[in-house]
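Sending over a structure as structure tokens; questions will come in a sec.
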């Protein structure tokens, strides 16, 4: 029995050692040296694997019904959408990198923030490629903070903007006469209407964004862009805001002793008229919630005078993408007026466009202004005027930790 | 006698309560599949809709194509697993030999040892061998958890039928090939059907291994469904689940009926 | 001689797969857990990672969380499963309908079971709605959070839901085989039904129940989907923790993930051994 086990084990090892031969792949001439015409020619008739989060039917439908269809018509490209969470996508890319797989699986990846940083740090990305895209050169404001930085990380041409989101507050017009446009007015409002306002507890994504938004409103955003990710430093910088949250607390729903754990819960409370406000990182949220009938017809969004946080989501190309020419063609198409406008339409997706308004001609501007954004949403030019950059990603968990230590625990 | 009847009523009530608790969530799943909007605290949805069904059935979502592909993949897994399980089951069912216990344990082990550990361990090797992100790689990974079911059921079958019939055929001059096709195969076929249906369901329900080894290149129906469960789009998640369950159920019922025609099947489900 | 080799030849195809992939995977995990991962330049065999992981607080809390979930869910499933099997037997209703219906959870995969629990138990689920309409709770937030909670109630119930039919099937098969012969004798000798159940039937089904327990325990201990979908931020179940470590962008972290995997494997090997023992018990009763 023992001998048998030894024999089996040896077999196993032999099998695995045999597996450790090196893979040979041919060197691909850099696609970036070719001109755009050649790239399009190469892309024609190919398949492009588009990896990204697949949990939203709206988004998936836009890619499947609009993007894939148009790419087929325009460039004869077959778009293959693979819905997967970004951690797993990164894992595939890392594994391939370590195993020196020259011809990978992913052509385009939907990414931003810390994940982009990880990918770039580990040399997982192809580029800089954005200068190669005609639509990027034509329509994108290359000097804007949002194109150059992604959650505080330098982009350097390794990802192209895809769409934008922005934090908005939502209120019920029937129950709120005058919306608070800064943190002081919000405090006053909450004092006058105790128990009618609350926010989701960080690390809920939206709750955390609300906390950052208040911090920006009180101490400004500039200092955070290059802040050291140290707890003492951050604590010092946001102290006035933490004091503000302590002041706010007794007037919140349930006297601030407990907070809704998720934004979905706050939305439900708003729908049930338990509170008079909710919030969202999607400026069109209120429209879709009204369409489903969950929110009252009188629900409407607003932003603070000093602005609200917005982030941009991007598209990148892995260093070993098997079809780089196809990937470039796809990303370039996504940056077209036509695609961005279709994406902006709340009936399709409702994602904010990334094109620079100043670079559009009158005709192109009209394409966007003709889109009906729906009752209660804010026009994109108003949003863009009130838009603040996201904080560097490494500060966010620190802020959430400080909030957690100071706000819910104290005074019970 | 009256007391006996009362007692049996008592147990009938218990039985139906438990069955109700088991089925109730499935009813809710069904309702959610068609629910457009269900505000708190309503017990019944406020509005019904076909958004999810329409999406799943629209050709651009590729859902049905993926479903067919999944069925195909699991069928391949089933056939290969049965093919290698038959000789193994014969060995375990009919012969006495050294190390039999070790073999039995090794074959059972994939049920108990977490697939998570195995897939992560082998992933690097698969990438090296070029098996990662391929159909073959995923099929090989699926065979692992299926083997215990296949071998165990068929072992029991071989234990029951014994070797005598085969021996007789051989004595009468049939070659091994003929013996297998004319004697052994017909005798084990009910076992093959029930093992096959179980293997199919096990393979059909694999998520983690498909997702890790398939790397998004091999997309099964389960992988379309998972992101919706994760993101809490209950309507979409419910529709996908419903279709998933119905597919297995149709197979399960058909197989159950077929097998019943042959003999009273035992239950071989491990989980 | 030829005859002696025959069983081994017959076993060869299955063993190729089992050894080539299953055992290989585990061996590779073991090697990597010892810090040998040459692709990222780790070449020294060391127990460092074991020491670090096994003394890490979050690992220990994950381990006890996983053990707690598997144990609780398996025990509840066993009790309800036996009750269900016995009830079916005693209810005198032998219609095929129920037989198929209660097996339904078996074909429902775990991820869907997680969705079912979410639909029923979350704070906007059907259960708090019913309680609200009955006047038992007065608002949504009064309903305890059972999903993503650190007591793992949602996870436990998802497993219980899925495992009850399995246990019931195992038990029902045995009960229906032994019931008539033995319990009639006992009844004739003057025992009441309860005595028959506790003194005759229960001891007889125990060995099978034990091996079934091992299987569902091992399964829920090593499964990924349910705790991934319904689990709290902390503590995380072990398989989820292993996967998160596996996804760490720094590949020199890989050994940590593999140590967690080896812990999972080690515990399940103990379970295989117990299972083996329990089979000996069964054959003792069978004989």
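Points to keep in mind about this one:
For reference, chains read A, B and C in written order, and residue numbers begin at 1 within each chain.
Here is the rule we go by: a residue touches a chain if its C-beta (ideal position, glycine included) is under 8 Å from a C-beta of that chain, and two chains touch if they have at least 3 such contacts.
Because the structure is a prediction, the values reported are computed rather than measured.
The chain pair sharing the most C-beta contacts is B-C. Chain centres here are means of the Cα atoms, and by that rule the chain farthest away from chain C is A. Chain A and chain B have Cα centroids separated by 38 Å.
Work out the mean CA point of chain B and of chain C, and you get 17 Å between them.
Touching of two or more other chains is recorded for residues 15, 19, 23-24, 27-28, 39, 124, 140, 246 of chain C. Looking at chain A, one finds that residues 16, 88, 99, 264, 268, 272 touch two or more other chains.
In chain B, the positions touching at least two other chains are 40-41, 124-125, 230, 232. Those residues of chain B whose C-beta lies close enough to touch chain A in the complex are 36-37, 39-41, 46-47, 51-52, 55, 58, 60-62, 98-99, 101-102, 123-125, 127-130, 132-133, 211, 215-217, 219, 223-224, 227-228, 230-233, 236.
Across the complex, chain C is touched by residues 7-8, 11-12, 14-15, 18-19, 21-26, 28-29, 32, 40-43, 83-85, 87-88, 90-92, 95, 97, 100, 103, 105-122, 124-125, 140-141, 143-144, 147, 151, 201, 205, 207-208, 222, 225-226, 229-230, 232, 234, 237-238, 241, 244-245, 248-249, 252-253, 256, 266-267, 269-271 of chain B.
For chain A in complex with chain C, the touching residues are 8-9, 11-13, 15-16, 87-88, 90-91, 94, 98-99, 118, 121-122, 203, 254, 258, 260-261, 264-265, 268-269, 272, 274. Only residues 4, 6-15, 17-19, 21-30, 32, 39, 80, 83-84, 86-93, 98, 100-102, 104-112, 114-120, 124, 126, 128-130, 132-133, 140, 161-166, 169-170, 173, 193, 214-216, 218-219, 221-225, 229, 239, 242-243, 246, 257-258, 261-262, 264-265, 268-269, 271-272, 275-276 of chain C touch chain B when the two sit together in their complex. Those residues of chain C lying in contact with chain A across their complex are 15, 19-20, 23-24, 27-28, 39-40, 123-124, 139-141, 145, 148, 233, 244, 246-247, 249, 251.
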